[in-house]
């Protein structure tokens, strides 16, 4: 930690501060400049209240040198984390994970049909929303428990492991057979939910919040990991920007940057990132090219709504093509 | 609702779409232009799936005319909502509410001392954090149940009604004697929490999320109100922008704009909005000048940490002066 | 300047770097910690290329301690700058400046009529756009030279000093009798224009860019001042955020923060900040309450377009009331 | 254009408005709903002042149906624009353009050496900054005219066409032999500069502003094209977001989205987008995978500053590898 003292701070004030810091078991090195004095704090700086220190009249600014995340920090764990699902499917460490399925589970036939199609195209995890976070209380909130039942049936039929979103701590029991529990963007800083998930050993896919930084995403991963659950998968799903032609903006550079900062796997969700079906393919290829550990893509088969090509969902046929081209890109960038 | 059809849409496609809409009990008026055809949809448009409609190949764009919030919409409830606390204190409708107290409840002596000082300065609600949402799992998380106990004692001594933040649905029982339950910025879209609070009759202060729009804030209020609880107070507490000199950016125009859109009271929190003690006074005066229904200000008395002037807290003496000047501004703008 | 060296940097590398720094006349103090080594650089650090230093493999991060703005920095010039116009009108240092007038100059009668009305209401500077920056090349671009002529006539009739926006260095001659030259938000980082204006002694009103930080605003002021022109007035006119109900978001806390950082006067433009006439009054009162040095407000009188109340313009009657209430607020907050 | 009238608007008011619209040669279709009346305006709507219409008391909102950009709109020009340089090099329409070179031109030897290396790696345009837009007036502003001279020498030696940034209309003469004139992000809305460039036939590379939308980028392209110069290349170079680990956020979905909206070529600049050398490779591969028409990459060879790996520049060796892998990705995604 580095503290910069304002010009005009007296010797006495400086010594008072240094003593206060030393009493907290911190060593202090002083660099005196013309305009500022810089204190280099080393040792047990974790006990220092940064906000308190920064708010002192004599202090110009404080710089925290150590990153606040520890358990997910690659510095302390250089090797990639590999999350292994119950059926042996691996996520991270070189495997490329293909998650696909409908936004919402709707009917038995729908989920079975989509599951079989995406499996045939190479997907190895089935996604499906049972509990849906909706901005409006008047919008469809998902089939809930019934939706989870339908997912289990699709798992039984196809053998695909499942991922589905949790919104309420009290629903945890219902997710016992869901292979990966998803924490949605709006709950990324629902710390009580994160803490509870940290007490399980369930694989967790943690989505980045709409306006959250990578550091905040990693701190939320840290909440889960500090509880003892190290099976965390990060997910970049687009952030809010001023752009209106796309729903969100896929932060593609987050993939290599998160890999640099952390040993956790990083999955990209191009469907939510763009919100537009025709952008899913190029964004998926970009994610594969820049080193993502997998893709989560919405696929929907809807013969009843023939008019509809799906706001952000691919048809199974489109998914076939995207999955095949993704594999070609992965081969091209493999070193 | 208005749907714009792309240039080149055939008569047959247009009629297919119009029939599909009419089957859903919607009337359709057609305006044919050179470049586009515009369909004006009237009647029972709530059943129309906007995303589905917008995703049709033939549809250029869809505009939803009605606002999605109903219960908090001033159009349907022209009169200001007045939230009345158990001791008769009124919020909204012309009363100006002064909420003050420490960020975190720390000790018995601290909370009693601060409560007495802010009451003497004119505050009529005491704030104090017991459960604290912290970005890092390694930071102080609040005194929790013990903090609520200390707040109750301060209420007994001073008679001030209480406000404190809830983070977990399962803690609701503990908040029975807390007069206003606060939903923090990070939980603004924790819809499960909002729904549960909608089943109570507790006054709720709902803080705007760091990167949320006013419409999203009102939709979250709608979650609470659609459950039956109309005692909702909105709180502007600063939004995230690119600015780094201040922690957040107080959106002062949200006060008159929210008053225009909704009948709910609007409180401003200048302490969290700026994150810097010296900005609290000017921001508080600005809020009073532009029609806010009250102010929530952090006040802290800390003789032990004499070095510290508090990152964003005022001293009781500073609060005295701010409260007095706020009253002068209120008098100046009263018509 | 502070440089943090990565864990694992060898003694030899560290000494190589220290020698390189010392060769550039910088003194280096070393603080060795468990995880990091911190170098405190003092002396002639201005010659150090920060980006170069930060990009070294061994360097974790660099923190620049000194602010990059010098001439507009309050640290080196504690007293408020007062900009004095040709007719003696003062801006800054306790005077409150009321700038008002139409967005665009349209006709002789319009500008004379508005000028007389705003003067009667207490305005002491007349605004009027002659050259208009429009997002679309197909939109009205202003009356240009003819608009400036009409402004001169209004100045002759009313005696009000003028402010108008420049968009092109080559137009400078035309602005000789314009008392304050405005640099618009889109040109805040048109450095060539700023440099040219720095060679004049004209008072310059510099608007903050739509997505620029206060530091960037001050660096742009520095461009003008480093050329020798210290007559710079800062203008907060709303920043871009995710909010859509208002055109921009007025950053009210920028007023006290800029006053803290700089000695330059700070004017608020509530008309462009909100983009909605009914929000101009509350935002103007807020600006007056929080210490702004003046207000720039759009006023328009349009008997021809009787249907129109002006997207963001006040009528002269509305301006009368706002100006009177602003004076009451100023009296209330005067200490 | 669609105008929504507020609930409670009288028949008389509605007719008054309809007549006013018809007098401007616009046809009006009326859709009456329970809560709103919707007017569909067709015909010559370009003359309607949208802001004026939207500001009417009776008008709830206005929706502009047509896109405001015409000349760059793919709807009216379905085929890709191909920009052809003096030496025959093509940009757009299936060619992949590799622009590379140093951020700033420094010396004769530097620019020749880098030019020869990037040419050998497959680059077909040489970049080099002569006039540098710097946030601080105290930072290096480029070699200016001398820098352009050095670029010409490199062109003579290698045969590579040149791209360099213009900052001032009055410098246009100096750019006669620069094959592509770059308009930087900070000048994207310097409309006077754009208009002047529209009067030439020079190929223009227009960079997206830091906080500008795609629509604003296209409107700025429209400024150039409406002057008669259709040789415009769009450049995505990262936008400002809340993320701090990267300098900017590369908006990768802008590539397919801009291709959908416009027929102009789209180049990606991964160097400025991320600001970090190690992110350039993954971002470049992502851009190639998602359909960009080319890449502009900073390459620097600096034997003197051996300590430095360049904040965002690749070494010639690194560029060799990136260029080769980009070609593999292009082959993988070719259909």
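Order as written gives the chain letters A, B, C and D; numbering starts at 1 within each chain.
FYI, a residue touches a chain if its C-beta (ideal position, glycine included) is under 8 Å from a C-beta of that chain, and two chains touch if they have at least 3 such contacts.
Since this is a predicted model, take the numbers as computed values, not measurements.
For the pairs B-D and A-B, the larger set of C-beta contacts lies at A-B. When you average the Cα atoms of each chain and compare centres, the chain farthest from chain D turns out to be B. Look at where the CA atoms of chain B average out and do the same for chain D: the two points lie 38 Å apart. As a whole-number value, the distance joining the C-alpha centres of chain B and chain C reads 30 Å. One inter-chain figure worth recording: chain A and chain B are separated by 27 Å, centre to centre, where each centre is the mean of the chain's CA atoms. Residue positions of chain A with contacts to 2 or more other chains are 211, 240, 242. Residues 16-17, 20, 46, 51-52, 54-57, 68, 133-138, 167-170, 186-187, 189-192, 195, 210-211, 216, 219, 222-223, 226-227, 240, 277, 305, 307-312 of chain D are the ones that touch chain C when the two sit in their complex. Of all residues in chain A, those touching chain D in their complex are 211-215, 239, 241-246, 249-257, 260-261, 273-274, 276, 278-279, 282-283, 285-291, 325, 328-329, 331-333. Residue ranges of chain B in contact with chain D, taken from their complex: 2, 4, 7, 27, 29-36, 38, 40-43, 60-61, 63, 65-66, 75, 211, 240, 242.
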